[in-house]
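Okay, so chain A shows up in both of these, paired with chain B first and chain C after.
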Partner chain A sequence: MRSVAVALAVARKDLASEWRTRELVPALAQFVVLALVIANFGFEVDSRTSAAIAPGVLWMTLVFAGLVAFGRAFAAEREQASLEAMLLTPASPAAIFAGKALAAALMLALCEAVLLPALGLFFGVSLTLEVVTAVLLATVGMAVLGCLFAAMVARIRARELLLPLLTLPLWIPFIVVGGQAVQVAMGAGGGSRAGSATGLLLDLDILFVVLTSLTARFVLED
Partner chain B sequence: MSAVVASSLTQRFGSDLALDAVDLAVDSGEHLAVLGENGAGKTTLLRILATATRPTSGSLEIFGLNALVERRLLRARIGFVAHASGLYPALSATENLEFFRTLHGVDRGRVPEVLDLVGLAEVAHRPAGKLSRGAQQRLAIGRAVLHDPRLLVLDEPDASLDSGGADLLGRVMRGRTAIIATHDHALANRLCQRTLELRRGRVVGVPTRLRVVH
Partner chain C sequence: MSRYEKGAIAAVVLMLVAAGFIFIYAPEDALQGAPQRIFYLHVSSAIAAYGCFAVVLLGGIVYLWKENVTADRLARAGALVGVVFTTVTLVMGMIWAKPIWGTFWTWDARLTSTLVLWIIYAGYLMVRRLAEPGRQAARFAAVVGIFGFIDVPVVHFSVTWWRTVHPGPIVINDALPPQMLVAFFVTMASTLFLAAVLIAIRYRIEVLTDEAAERVVTAPIAAASKAGSAR
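This part shows the complex of A and B:
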């Protein structure tokens, strides 16, 4: 119970800080809209191609927005030396990590609330419950992995370079499976694979949430 | 009875030797001042004593526990004020303490008590980032005593404090074992029973016993 309280306190603190400073979410929301505008001009989008192109644009945009969101999660803590203050309490490092990942995932979900309707607007694709479910499930797994590597590289000077190099290979399963689920839901693939892709995303989430919880302690402590 | 016993504490950063076989014993309730010029190893020593850093070699016992193994257990008994305040600038003084209260698992009522103790009750709702440097330092000191630690480790806590700072430090150190790094010999004289001088990572001479002025 105490670990849950700690994780919620960490997430609440991060969300309150973001609400007051508005440093990350507005910039990310602008970024995702700009990415869609560029993609809209870059590809020849019409009613025949939109369902095939939109999922790729969605995942590319999400990946880059995620890298920024998760990178900031620990970089800001290191800059203001507050991560050490948190770790010098008896609170479990895994609970602290869970709180950070939860807040980062919620901030990315806020950007997705801008991204998905904008995608529907620019590409004329329908946003079904399956699309939203696939994106949210992928966000969970991407958040825990992104935050784990962000914590790992936060004390390194070249962290902006290292974070994508470490994170992107492990995000590939989410992009492949999530992409499949979204393509099917947008009518660009076989209908029977949507349910199994969503199930696989859930399995990947469980796997990486457990793995990152076990490794968080070693990453956060020196 | 010794609260802190360090033996041959050595810290290397690459080829640099920051601490060289430092031995230290601090009695329970005793106040020790660590003196030395910049780069003498004071911060490194204090960070090891606060369990923020692991030494390259040597042993450290705090309250009879191996501090290199039982770190989380000891963190409930140690309060640390580091060089950087480590506060959340967008959160108010109260919110900062509320947050750390949850992490320490202490009662909600402790927050107003601590704000009173460090003299920040009147600015409790102001964002920490908008407080003066001295007030931020008071808040960092408040956070260090939030969980009523038995050992206080203070790294130059007087750096930004005003004239009432020494009184505040005296108040928070009272009844606790305390190790304080400072450049201010007068402050060390006023607050501590003993001093330990470091030079290039080594203890110089033997720890000096001071006259205590209350």
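This part shows the complex of A and C:
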């Protein structure tokens, strides 16, 4: 119970500091719209091709927005050495980590609230419940993994280089399963397993939440 | 002659014996012809790579649990050797695929997951290099090794989980004629022995590197205290 309170307090702190500075979310929102513009030029989108291209653009944009968001999650802590102070309190490192991941996931979800309507508008695809569910479920797993490796690279050299290198390969399961679900929902073909995708994404979320909560201590405490 | 030299010579001899089984003893495949002979080393090095990454996983868990330096050095050695064997698997597979499939590469589930495996452990080696040597590098790498191992069962079961063009399991399904089976097991045993020798040699290098790094710190202190006692 105490751990939940700690996690919520840390998440509230991160969200409050984001609310005061308003740095990350507006920048990310701009970034995702820009990514759609670039995709338009890269793929020569028209009304016939947009449904086939939109799922790919969605996940590419989400992945790179996620890298930026989670990379920033520990940047402020590193600059002010405030993580060490938090770790000196009796709060468990796993609870502190859960709070950081929760806040980062919420910020990425805010950016998705811009990305998905923009995608629907510019690419003319329908945003069904399946699309939103798949994206949100993938966000949970991507956030725990992304924050774990962001906490790690915050302490080592060449962190901007290393974060995508470590995170992207482990995000692939979410992109495979979520990507397929979105393709089916947007009518781009690719099988008919939209129902099982939700279950599979949940399984992946549980697997990675459990693994990160077991290993977060070793990454944060060093 | 040191233990390592003996081991290395034995590994080379065994690999030559395996080559004899592959090229002389095993019959030529009726459909694929000569390229089929790639199968023996391709599958063996994939299994050796799995084994190496299992060493990385277990070494990482033991290190996080007991802070045991030996476990960490074993994990370090296993990761490097595992990346080498994954490279061999990928390259030999591509050489086989060109005449059989008509292309070096296709985005098949097993090929893709094996490439991801290579990238994950290349990332592991990067973490080792960039993190502060010692406790930090060992801990961070152990975490990467634990998460990275998730991809090993994905690679292994990819041919049954997804529809792929990669050939499915044929050894355990008893689909090989006996001579091919003998050649395969000889190659697999030799390759696993080679992997073990490589890990042992790499482990020795890691020990020496650690000792050298330690000496950089301790040597000036020892020299200073010697000078102090002489005075």
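Note that in this section the second predicted complex is superposed on the first by the 219 of 222 C-alpha atoms of A that agree within 3 Å, B and C clash if a C-alpha of one lies under 4 Å from a C-alpha of the other, contacts with A are read in each partner's own complex, and residues count from 1 in each chain.
Operating definition for what follows: a residue touches a chain if its C-beta (ideal position, glycine included) is under 8 Å from a C-beta of that chain, and two chains touch if they have at least 3 such contacts.
In this text the structure is predicted, and so the values were computed from the model without any measurement.
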item: Touched partner set for A:124, first chain B, second chain C, both or neither; value: neither
item: Which superposed partner A:26 touches (first chain B, second chain C, both, neither); value: neither
item: Touched partner set for A:219, first chain B, second chain C, both or neither; value: second
item: Which of chain B and chain C A:17 touches, first, second, both or neither; value: first
item: Contacts of A:9 with chain B and chain C, given as first, second, both or neither; value: first
item: Touching partner for A:199 - first (chain B), second (chain C), both, neither; value: neither
item: Touching partner for A:86 - first (chain B), second (chain C), both, neither; value: first
item: Shared chain A surface residues [contacts with chain B and with chain C]; value: 222
item: In the complex, chain A residues that touch chain C; value: 145, 148, 152, 155-158, 162, 165-166, 169-170, 172-173, 207, 211, 215, 218-219, 222
item: Chain B contact footprint on chain A (complex, rising order); value: 2, 5-6, 9, 13, 16-17, 20-21, 80-82, 84-86, 88-91, 96, 221-222
item: Residues of chain C defined as touching chain A within the complex; value: 64, 116, 119-120, 122-123, 126-127, 130-132, 135-136, 139-140, 142-144, 146-148, 150-151, 154
item: Residue ranges of chain B touching chain A (in the complex, touch as defined); value: 50-54, 71-73, 75-76, 78, 80, 82-91, 95, 99-100, 102-105, 127, 143, 147
